[in-house]
Amino acid sequence: MSQTTTIFSVVKQLSQYDTFEQIYHRHRHGEPFPSSDALHQIIDITRSVLFPGYFGNPSVDADTIHYHIGVNLEKLSEILCEQVLSGICFGECEKEGKLSEKQQKACEITSTFISSLPRMRKVLITDIETAYYGDPAAKSFAEIILCYPAIKAISNYRIAHELLTLGVPLIPRMISEMAHSETGIDIHPGATIGSYFTIDHGTGVVIGETTVIGDHVKLYQGVTLGAKSFELDESGNPVKNIPRHPIIEDNVIIYSNASILGRITIGEGAVIGGNIWVTTDVAKGEKVVQRRF
Amino acid sequence: MSQTTTIFSVVKQLSQYDTFEQIYHRHRHGEPFPSSDALHQIIDITRSVLFPGYFGNPSVDADTIHYHIGVNLEKLSEILCEQVLSGICFGECEKEGKLSEKQQKACEITSTFISSLPRMRKVLITDIETAYYGDPAAKSFAEIILCYPAIKAISNYRIAHELLTLGVPLIPRMISEMAHSETGIDIHPGATIGSYFTIDHGTGVVIGETTVIGDHVKLYQGVTLGAKSFELDESGNPVKNIPRHPIIEDNVIIYSNASILGRITIGEGAVIGGNIWVTTDVAKGEKVVQRRF
Amino acid sequence: MSQTTTIFSVVKQLSQYDTFEQIYHRHRHGEPFPSSDALHQIIDITRSVLFPGYFGNPSVDADTIHYHIGVNLEKLSEILCEQVLSGICFGECEKEGKLSEKQQKACEITSTFISSLPRMRKVLITDIETAYYGDPAAKSFAEIILCYPAIKAISNYRIAHELLTLGVPLIPRMISEMAHSETGIDIHPGATIGSYFTIDHGTGVVIGETTVIGDHVKLYQGVTLGAKSFELDESGNPVKNIPRHPIIEDNVIIYSNASILGRITIGEGAVIGGNIWVTTDVAKGEKVVQRRF
Amino acid sequence: MSQTTTIFSVVKQLSQYDTFEQIYHRHRHGEPFPSSDALHQIIDITRSVLFPGYFGNPSVDADTIHYHIGVNLEKLSEILCEQVLSGICFGECEKEGKLSEKQQKACEITSTFISSLPRMRKVLITDIETAYYGDPAAKSFAEIILCYPAIKAISNYRIAHELLTLGVPLIPRMISEMAHSETGIDIHPGATIGSYFTIDHGTGVVIGETTVIGDHVKLYQGVTLGAKSFELDESGNPVKNIPRHPIIEDNVIIYSNASILGRITIGEGAVIGGNIWVTTDVAKGEKVVQRRF
Amino acid sequence: MSQTTTIFSVVKQLSQYDTFEQIYHRHRHGEPFPSSDALHQIIDITRSVLFPGYFGNPSVDADTIHYHIGVNLEKLSEILCEQVLSGICFGECEKEGKLSEKQQKACEITSTFISSLPRMRKVLITDIETAYYGDPAAKSFAEIILCYPAIKAISNYRIAHELLTLGVPLIPRMISEMAHSETGIDIHPGATIGSYFTIDHGTGVVIGETTVIGDHVKLYQGVTLGAKSFELDESGNPVKNIPRHPIIEDNVIIYSNASILGRITIGEGAVIGGNIWVTTDVAKGEKVVQRRF
Amino acid sequence: MSQTTTIFSVVKQLSQYDTFEQIYHRHRHGEPFPSSDALHQIIDITRSVLFPGYFGNPSVDADTIHYHIGVNLEKLSEILCEQVLSGICFGECEKEGKLSEKQQKACEITSTFISSLPRMRKVLITDIETAYYGDPAAKSFAEIILCYPAIKAISNYRIAHELLTLGVPLIPRMISEMAHSETGIDIHPGATIGSYFTIDHGTGVVIGETTVIGDHVKLYQGVTLGAKSFELDESGNPVKNIPRHPIIEDNVIIYSNASILGRITIGEGAVIGGNIWVTTDVAKGEKVVQRRF
């Protein structure tokens, strides 16, 4: 009885508009909603078309692979289009605009994304090779593709980055956070990352929104590529979209738990030792290490 | 055949009471058992009533929201009551006591918990605002609420803390470990945390059991608020429940991978740089940084 | 229409053998495939037979426990045998060899693994006790067994290590990565770890492939037991299987975020402070700490 | 290999348009498709709002019932609207017409359907009472509502009939076939059936499209209310929509396996014995029985 | 908008107590509810312990079968006890009475039911043999056990009859209706049926509540063993529990679609032809057939 | 306690080999087992390749249909091969024989079955047309294909018949019983049925193992095409595989609940009225009807 009374009273309080209006998002009836299940499906299907024989049906062979890729791309096209639309609707919820126009935009973005898959496979294969040849513990490509958190995080990043570049709101960040949760590697989809990229172990790595990374770069666990500080506007809020994260040039190695902060440049071939804190430029080829105890 | 023989022999060994008696928990027939599925449901329902329009049915509006909150609170009340009871049964498994009395206690705790939800929403909105206004990469409240690991970890903490304060054994810790697993942020439900709290990126953050945190505090990834050492009793076991974690006053910022250890006080407005190790008090407004290389 | 054209063209590109041949794994028809669902079942069943009353049916008692362990071991035997076989097939995909011979090998390995379970329980109980007695925040064995990430990571490690020792390819690494994803603790199945082992909080811990750890060792979050560098062979690839990670002797404590790198020895009873970088031997009983700011 | 060749060849044959064009339905992209899962949900939700305490959450009470009915009607409204639309799209696949217009029509039909629920409950309660008072084996209303196939078939019929009357193509027939499959009772949604209607046992009952049944009518298993013959048009196809099934007036009882065929009238209060074949009118109050052996 | 208005208005109407009070069942909080999922599990488990090797784990053998039966009986005991309790609560919802007393009664009934399983297996084996030896189309026992609807219907009947005899309300009828829906065979759990019983094809068979059937009886599809009429009490309601269905003695065969109605006796060894209507006693050994056209 | 004692004692009784040896099937380890889930998948996939646009992905079009059929036939091939093998293993459980030989046989049968699909589609389209043109209540092909029980039963029959003809034990009967349960139509897979076949309503129809049906035949609900009697061998068991069911020539119509029994011939174009019992030949074009009351 008193339980029912409590529920009654709490329902009343929690239903009052002014108690949640600050954060309230008014969803328009009939528009799709971002769905983490759908995003997981998108990742799974993309993996299965990029890495045939490892994800999805294992027994694809040269003769029948096009059936599988055909069905998977049709499905990807359908699910991704709806999620892209949900992102657009979320991002433009205050703008008026016909749903059918947003739908067309979502379809075009989806098409462009699908066209980018062959290029994405090419780059991801460079990442896999780098992981394999750089790790004495790696026994096979299969181990890299099926188990290594770096490959999960980097493939989600490459997918999310493509979508962000195509102007999709919200969804790219959800995709990169899915990998963050699974691997402990937090790569903002806005970062720019070259090929032959790898991360060893990975837990705790942070790569900020405006980071630029060249080719053949290797990071270890716990590395932060972050901002040192950020400008505030006159109302005291941070100014968005200002470059504030480091530029890492080709062939750089950064060891575990190092923090590289601010819009500085780590020159080509430089090596940054573990557990250190770098806030100024590092010259080409330089080696920066913690003083030992 | 020999497979069957192996199984026979191993069944016999593993069934011998003395091989597991040290850790054995005798579950009383008819008592509920902690269920991580049920706890996930509890978190999901709580999120859906606190943040309408983001979790659960997206199309709630001012007119129909009370139906949804009503059904959800009834369901929460039922599932939570059973889990609270399972925690009580676990915690008091050596005490005699009628199941019906434990049931009534579980119901009362559940009612009190539900009554606290409007207050909890108010505080969580301050956390969301802080995350949004403090991060140049954040594009919308939706991004914060749907993706940011900090909000997941902090909301699980606030739920778990409320239950711990109400005297529920085991369950609060399970809830905070669920967030730890998902986000890499480990906040002990016993910690005391003010409003306007945020954590950036978050992986590797540890906040110990007796930590006290004021308002408007911001942590970065990898920060430890830990114990330096702990007292042992005469049998060499650690003495439980002694304050051994830091006090962080209002408006403090602690950068990535810093470790603040022991019952020390970080004074109001202090700033702690990254990758450093602090074991003594820091004065109000002080800035503590690592020496650069 | 143009959507269909895009799909057609991308199917064609992604189906071309030379675009994926570098990483392609040719799965033989009729051979089983590694399945993360099956591996999760294997972990769940193993936990339920090792820790009766906590996982699986909670109401097992001394009288009926053998029914449950019997059914579970039969099921484990069946699922594990298939996964071991899938690992063997993956590992030996270039070798010819009758499937039935591989099957028999898989069966024998499974039998040996099952025979090791009583010993594994004994060791894991020492880990649980160590976690309990060493943590003032721990309220009960139940809390340790049901929530502590260390126990999840260590039990997956002990299972994976046993399988690796028995010569199973791929599967052990998948099992340890499952725990890595869930807990942020990355223990390579090749490492050798004694009894009474524990890890506090755990996120960010890395224990490399050739690490050797004695008894009664305790690690905190963020600790790396890693390699300093590794030899390359004449083609510039890393030489596999060379000892390159530290030896940690009995009774050592290593505090949060410390990095111990290379084939060095941390002597019995040594204490390594947090956030430091150790690349040379540490003597028996020595205490190594960061210089404070 | 030859398996692959077979598949190749059969794919080719089965993909040729002329081998399926006769029955092919071209589904327009973006239009919903009839889904038997969705229809099952529609039936389940409708049952739960009509018979509170039996279906859906059992613990609804006078105080909280409106929460449950509110949430359920919102959900019903959403799912039903999509299924009605799918029916309209199927039925009018050859007509051009904007999707948004069809959507609006589907919404209006759904609204009207929902408005009819209170009336539908009233009639169904008369059917339940009739089943209960007319069967010595019935022990409680619960038994009738939870188990009796007649109630399942009649409630699906009443739902399907309402939708058919509102002009929905295809969906009503799918709903009545779901009940046919579950109960063996085949009631065409086009039939007109009064209140206080019941069917005992029910398997094998057939009630044709243009049947008219009054109030207080009872049928037994195996009864057919069918057509005797039907007119063909000049191309030899049956003329649709012509009354060709019987009219059963109030208070009639028809015993097991009787067949009543053609547009004949069974007069008020008549009794038709089992296993007989009736193709001419039966007068008010008459008793028609099989000659015994 | 108008959709919301409709929902508001219909919620209000459907929530008014007087519109459903006639059929309303007030469920007491904390009491279990009949669950068709649970009943399906009960049937599945019972089948797996009665017919080892056909249902449940197929690879049970003489050595390990007791593990499987042990686990299954424990599980059956738990689920059945809750469902029996739910039946008791439903049946006695107007009586006061402590839940714990009802619980004890449910446990005792469950125990007695489980004790009856060996006897039930013995009888069901006679039914299986009869089906096999009496049907030229039957190729193996496996075909009988895995496919024949008669065995499904008869085993559900024997389970339901046992529970009804033990005084369980509602649940037995739900179990027999499950088989009715699956097979089209409607056997009331109150009927009494001897051993060596079989039904060929089965759809449309009805066996009423007070029917008594001897040993070695065979029915064909569409046979009704029904009531001819029933007494009404002074308020015009049927008098419950009066014998009103036939007695079928040993070795009787009844062909398809025959109806045997009323408390008559079909004497030992009699044969009843198809499609006929029998309402008076048939002597021992007599053959009753339809006159041919 | 006494519950445990009961379970102990019943486990013991039910585990005794002699209590189930009569019906026991010894499953060989490693052989697949018939699975009704797998058989449902087989039916669903077969329907989706035969009737594109109705089952499976609704949006297949002429351009992409081969992807879908390709993936579906590969999947069908895999699942069906395993189920055919399980049938062979069941059917030949007493014969020795290498598993690999049985596997090859299963593969060949599967290949032949898949090759028959184009022909099967052709015949099924004649059945669909017949149902459509013969029923004034049918509104569209979609209604026939998606709802009509006749089409479900006939397509399962055509699949099962093909498999039986190829020599597969057990599985064909399981497939036809699945349709029997769903539709109440019981067609033995051994029957021979021509094209342009339909059944109206269908519940209660029985078509026996050795029945032969020509083209353009129509049955109504409750029709039995059965055996009148069957020969016994010297041990009193029925002689299997003797023709004992009727031959129905082209263009015959049989109305509801008629029983045609024994190896008789119903001549071309004959019409059999409802509820009658026919045990002798019927001449070409004859009309046989029940005498009216």
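As written, the chains take the letters A, B, C, D, E and F, and residue 1 is the first residue of each chain.
One rule holds in what follows: contacts are C-beta pairs under 8 Å (C-beta built on N, C-alpha and C of every residue); 3 or more make two chains touch, one makes a residue touch a chain.
Computed from a predicted model, the values in this text were never measured in an experiment.
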*Contact distance in steps, from chain D to chain F*: 1
*Have a look at A-D, B-E or D-E and name the one that copies the D-F interface, over half of its contact pairs being the same.*
D-E
*Of all other chains, the one whose Cα centre sits farthest from chain F*: B
*Selected interface, B-D versus B-C, where C-beta contact pairs are more numerous*: B-C
*asked:* I'd like the Å distance between the centres of chain E and chain F, where a centre is the mean of that chain's Cα atoms.
replied: 26
*Roughly how many whole angstrom separate the Cα centroids of chain A and chain F?*
52
_Centroid distance [mean C-alpha coordinates] between chain E and chain A, Å_ = 57
*Which chain E residues reach two or more other chains?*
7, 11, 59, 61, 64, 66-67, 70, 74, 184, 203-204, 222, 257, 275, 290
*Take each protein chain as a node, join two nodes whenever their chains touch, and name the resulting shape: line, ring, star, complete or other.*
other
*asked:* If we use the touch criterion from the header, which chain pairs count as touching?
replied: A-B, A-C, A-D, A-F, B-C, B-D, B-E, C-E, C-F, D-E, D-F, E-F
*For chain F, which residues are in contact with chain D within the complex?*
49-54, 58-59, 61-62, 65-66, 69-70, 73-74, 77, 107, 110-111, 114-115, 117-118, 121-122, 125, 128-129, 133-137, 139-143, 145-149, 182-184, 201, 203-204, 220-222, 256-257, 273-275, 290, 292-293
*Touch list for chain F against partner chain A, complex*: 57, 59, 64, 66-68, 70-71, 74-75, 78
*Please name which positions on chain F make contact with chain E in the complex.*
2-3, 6-7, 9-15, 17, 19-20, 22-27, 29, 33-34, 90-91, 169-170, 173-174, 177, 180-181, 184, 186, 188, 190, 203-204, 206, 208-209, 222, 224, 226-227, 230, 237-242, 244, 257, 259, 261, 275-280, 288-291
*In the complex of these two chains, what residues of chain C are touching chain F?*
4, 7-8, 11, 30, 61, 63-64, 67, 103
